[in-house]
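Listed after this line are the structures, all set down as structure tokens.
There are two complexes below, and they share subunit A, which is joined by subunit B in the first and by subunit C in the second.
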Partner chain A sequence: MQKKFDRGLERTRWLAGITVFAVLGLVGLLANPYVISLMTIVLLFTFLGQSWNLMLGIGGQLSIGHALFVGLGAYSVGVLYVKYGISPWVGLLTGMILAGSVGASIAWLSFRFEVRGIYFALLTIAAAEFARIMFSGWEFVGAMQGLFFAAPTGGIEISMLRGDARFYYFVALALAALGIIGTEFISRSYLGYVWRAMRDDESAARALGVRTFQHKILVISLSAATAAAGGGVLALVQGSIFPDSIMGMGLSVDVLIGPVVGGLGTTFGPLVGSLAAIPLNHLMSALGDSLRIPGLNNITYGVVLISVIWFLPDGIWPAIVRLCKAIQGPPTAWLWQSRKVEE
Partner chain B sequence: MLSLWLNVLASGILLGLVYGLVALGLTIIFGVMRVVNFAHGEMVVFGVYIGYWTVRLWNVPIIVAAAIAAVVMFAFGYLLEALIVKRFVNRPHHYQFIVFIGLSLLFSGTLLVAFGPDPRPTASQLSFQTVSLGLVTLDLARVQAAATAGLLIALLGAYLKFSPFGRSLRAAADNRLGGLIVGLNIPRVYAVTFGIGAACAGVAGALISPLFDAQPYLAVDFTLLAFVTVIVGGLGSFGGALLGGLVIGVAEAIAALMFTPSMKTALPYALLIIILVFRPRGFFGAKEI
Partner chain C sequence: MTTLLEVENLSRSFGGLVAVKDVSFSLRAGRITALIGPNGAGKTTCFNLVAGALKPTSGRVLFEGRQIDNSPPETVCRMGIARTFQIVRPMREMSVLENAMIGAFSWTRNVSEARSKAYESLESVGLAAKAHARTDQLTLPDRKMLETAKALSTRPKLLLLDEVMAGLRPTEAAGIVGVLQKLAEGGLTILLVEHVMRIVMEVASHVVVLHHGAKIAEGPPEEVVADPKVLESYLGAGFHA
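On to the complex of A and B.
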């Protein structure tokens, strides 16, 4: 979300965006399998972070139960594909519709009765936990044993969305790009202005004639539907679905770490945040495993979250932007930023 | 049949009193500081570990362990508020939430590093003793935990109602600015409030250590349980926390009897969703959030 849309800045933004994605594309072509699989997760969580960001950063509604929507997407893809052999494309669409309607009904129920702020956040947790427990006990979807996708045969099938790790990397990259372009597009559209107005002051927005009730439902169902799309792809990438990992509190926290660390409400924030946080988490769990210290990654995550809010309350990305503006003029600054992202 | 139901009800009520104490800690912190302590479950688990270690090292009764937990957790909460939470009290809710998620990750990670993931049962002398009252047979550890929790809730209520500090605490809860104007030491009130909240969680944890094995992963469940309890009763309400605890305790016990174990864990959430939808502020919720 940019305060000014002047033309020079506009061009450098595009340039920076294209450079970042060109570099990420090169990574997909050249990097080794470990980096590919790690970066696939980073990009997927960039997309999920965008979806969460849409809800809080632009819509002003805090969700701590995004795992519910992610899980619904994952299960739609999983159940349709594993049980009936139906293409994951159909599963993704089903999941998006399902999660969108669940999101809309949660929003409708709570805003109808003026449940908001912290109570709404708690309601999202309750809904997610309730769903997790239900799915853990539901034999049809594999209960606690989970659902497993057959191992990919090797060939790339676009129609079934199946392929090797590199294929999924590019799927994730496309999703992340879509997320960033979509966020940019939404935040400049009529809806973006309305939602930000609503976020900043709901009563004022309503006084100006914004139907905040409808708009809140819309932003939440849109966020839920996109989260479900991310969840469906996440399930395909992981090759298995377990209720505790795809619908648990842990996933909801993972989803929000990217945007919070990167910068709430910003377009590039979730990407920067995921790039910073997820490899760190992987490194720390690997370190914890090899030193036999379980919980090391939790400690690191906790410290990172607290220090980001403490020292950089609006996240890493706005801090980078400020730094660049302070050091140099805009154009070179933007190039410098894209190099920063590449690291 | 009747005796089975009575037993289930009684054990639900007993555990409900302890849940009430946990919820009371959360509700006091929220009521005064308008901060939702997302790391509350971790504080309960700290209490469980304090119970486990004191009983294991010195073989003392659980009551003594609870007293130690109260002192330790009060100091812990006080310091946590004074060092970290203080800086975030005036921030928007979602920032606070993220800080507390960070704290809860930090605490559960620390517990994992310190004690490992394996469950540790507390070998209390009370573990297998029971008392019989007519049709009802109760497990002594549970009776003791509930009695202590009930007593503490009453004492704390009286303290907040009648003592000078309790009055200033309630004043700060009612109107922070007004409190500042009449010369209340708000930072100290906040730190003590957080200490009391943490102590409630810690004592409850120590009291239930004979009933639950000490394990870091318990924390998430306790946090969510405390939220459910508090919301059922109404965030920021003293009586609400107690009532919520009893409702959840009894509901859980009945669900465990009538449905499968997974339904037992799902029931509080279902209850929460129903209550939030029909009575968003809980039974005795604060008018303003």
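On to the complex of A and C.
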């Protein structure tokens, strides 16, 4: 009986996912340049949020220094492309390997000496700030002046990952889809179960045979590698890399806004959160400019964040799920509830 | 009968406090052994030493002839020793079934295999009907049984139970006694740390009594309860039956 219900729910989830991406695809084909560039950023931060969500929402490890991994990805692409003309594909791969190893090293060092929880989070900030300062003074990577990509010639070159705004929109869309499918896949594999157990109670998980030391390193390096991929594409989209913006604390916070607002540990949370938070920020920024109220975007941002945390502490996406359950009535309500736990 | 676990001259101190002092006993395969003693006797410390959660100050623990006292808990678990916690610790955000699945991942990576093992474990403790509930919907006896089911999913040879009966009403405890007896009939070796004497008498075939960290008596339950030293440790000097 349970199986039959699960399959029905499965279909609903797939349909919902496909519909969302079909709509996003249409947006890419039909929308005006402003919407396209805004949505590209939304989708990239969906992917980055997904990577952060994997680490905290599933693996239970808090990072407030994800800018480090994003930055490593961006610089790998930037340095190889700008300095040597090597394809960004190679840069992305290099960045992922580099960030994955850096993430694994930080994790190894930290957990080897029993530094965990909030202290581990502080360590991630320290590592990110260290890297930012190092890159700010490193002439080879452009130091404070940064790196600039040559303006796109107009044509689309897939082998060099170069093209116009619409091209990058679809790259970001593909990345976001990949992130969602990947998260869903990991969630359902044995890694998902073991990581969630480790998140909920580490010593109980160890008593059940989970090798938490290895699993923590694995989840962190996977999250770091995916963040680097997002960072590489972000650099291409922006056309320039500056240490203060790509490796700064601000970026680390931007990465975690999506999943926190959307719903921690859920597959669709980062997408919903980014869709809600980023356009609002841009809108308020524009409104603040025309009304001559500097900082209006930051104030609104703060108010919205506090309201979400106050009224919907588990995020917008779980609230939507609860709403659907209320509309659809008791039999499915029970289903959503049991599914919520599975998520 | 073969010896599954051997505890040799085990001691553990915390700073100046000696919690367990030169304790030796062995567990025979397929039998329920109880570790009892008044509050503060060192039962839980002794239990944690066997489970790998604490390292002994001196002495050894041998499981199937191999020394395990320096192994971390996950290794001890993978060797075939599963434990429960005195204070129940379900994974809060996971369903009852998912909780029971985790242990199975110590021997398989196949999710559907783990799921069927989890159903089997829940079945054997009478929780199968609540497999899809959230853990905060369970009653206390059910949560205690979930702890046992989680441990059973690791396919243990030895099951360590830390006060599974504490805080339960007699009728609830009786249900758990039935479950334990069935598990032992199925060939599982069980070490029970217990405070409630009546239950120990009912379920254990061998009893080890600790007092102030040292072993003061060992034997079949009916002999142990008649031992003046045991009575004294529980009820104070001068009280003799």
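Quick notes on this structure:
By definition in this document, the second predicted complex is superposed on the first by the 323 of 343 C-alpha atoms of A that agree within 3 Å, B and C clash if a C-alpha of one lies under 4 Å from a C-alpha of the other, contacts with A are read in each partner's own complex, and residues count from 1 in each chain.
One rule holds in what follows: a contact is a pair of C-beta atoms (placed from the backbone, for glycine too) under 8 Å apart; a residue touches a chain by one contact, two chains touch by 3 or more.
Small disclaimer: the values here were computed from a predicted structure and weren't measured.
When the two complexes are overlaid on their common chain A, residue A:193 makes contact with subunit C while staying clear of subunit B. Once the two structures are overlaid, the count of subunit A residues touched is higher for B than for its counterpart among subunit B and subunit C. Of the two partner chains placed around the shared chain by superposition, subunit C is the only one that A:265 touches, whereas subunit B remains out of contact. Of the two partner chains placed by superposition, only subunit C is touched by A:205; subunit B is not.
Shared-chain residue A:41: touches no atom of subunit B or subunit C. With both structures placed on the common chain, the touch criterion links A:119 to subunit B but leaves subunit C unconnected. Contacts of A:79 after superposition: neither subunit B nor subunit C is touched. Once chain A of one complex is fitted onto chain A of the other, the partner contacts of A:297 are limited to subunit B, with no touch recorded for subunit C.
Of the two partner chains placed by the overlay, only subunit B lies in contact with A:137; subunit C stays clear of it. Under the contact criterion defined above, no residue of subunit A touches both subunit B in one complex and subunit C in the other. Residue ranges on subunit B touching subunit A, taken from their complex, read 36, 84, 87-88, 91, 93-95, 97-99, 101-113, 116-117, 216, 220, 224, 227-228, 231, 235, 260, 262-263, 265-266, 269-270, 272-273, 276-278, 280-281, 289. Within the complex formed with subunit B, the residues of subunit A that make contact are 56, 62, 64, 109-110, 113-119, 121-123, 125-127, 129-130, 133-134, 136-137, 249, 253, 256, 260, 293-306, 309-310, 313.
Residue ranges of subunit A in contact with subunit C, taken from their complex: 2, 188-190, 193-194, 196-197, 199-201, 203-212, 265, 337-338, 341-342. Residue ranges of subunit C in contact with subunit A, taken from their complex: 51, 53, 72-74, 77-78, 82-83, 85, 89, 91-95, 98-99, 101-103, 105-111, 114, 132, 134, 150-151, 153-154.
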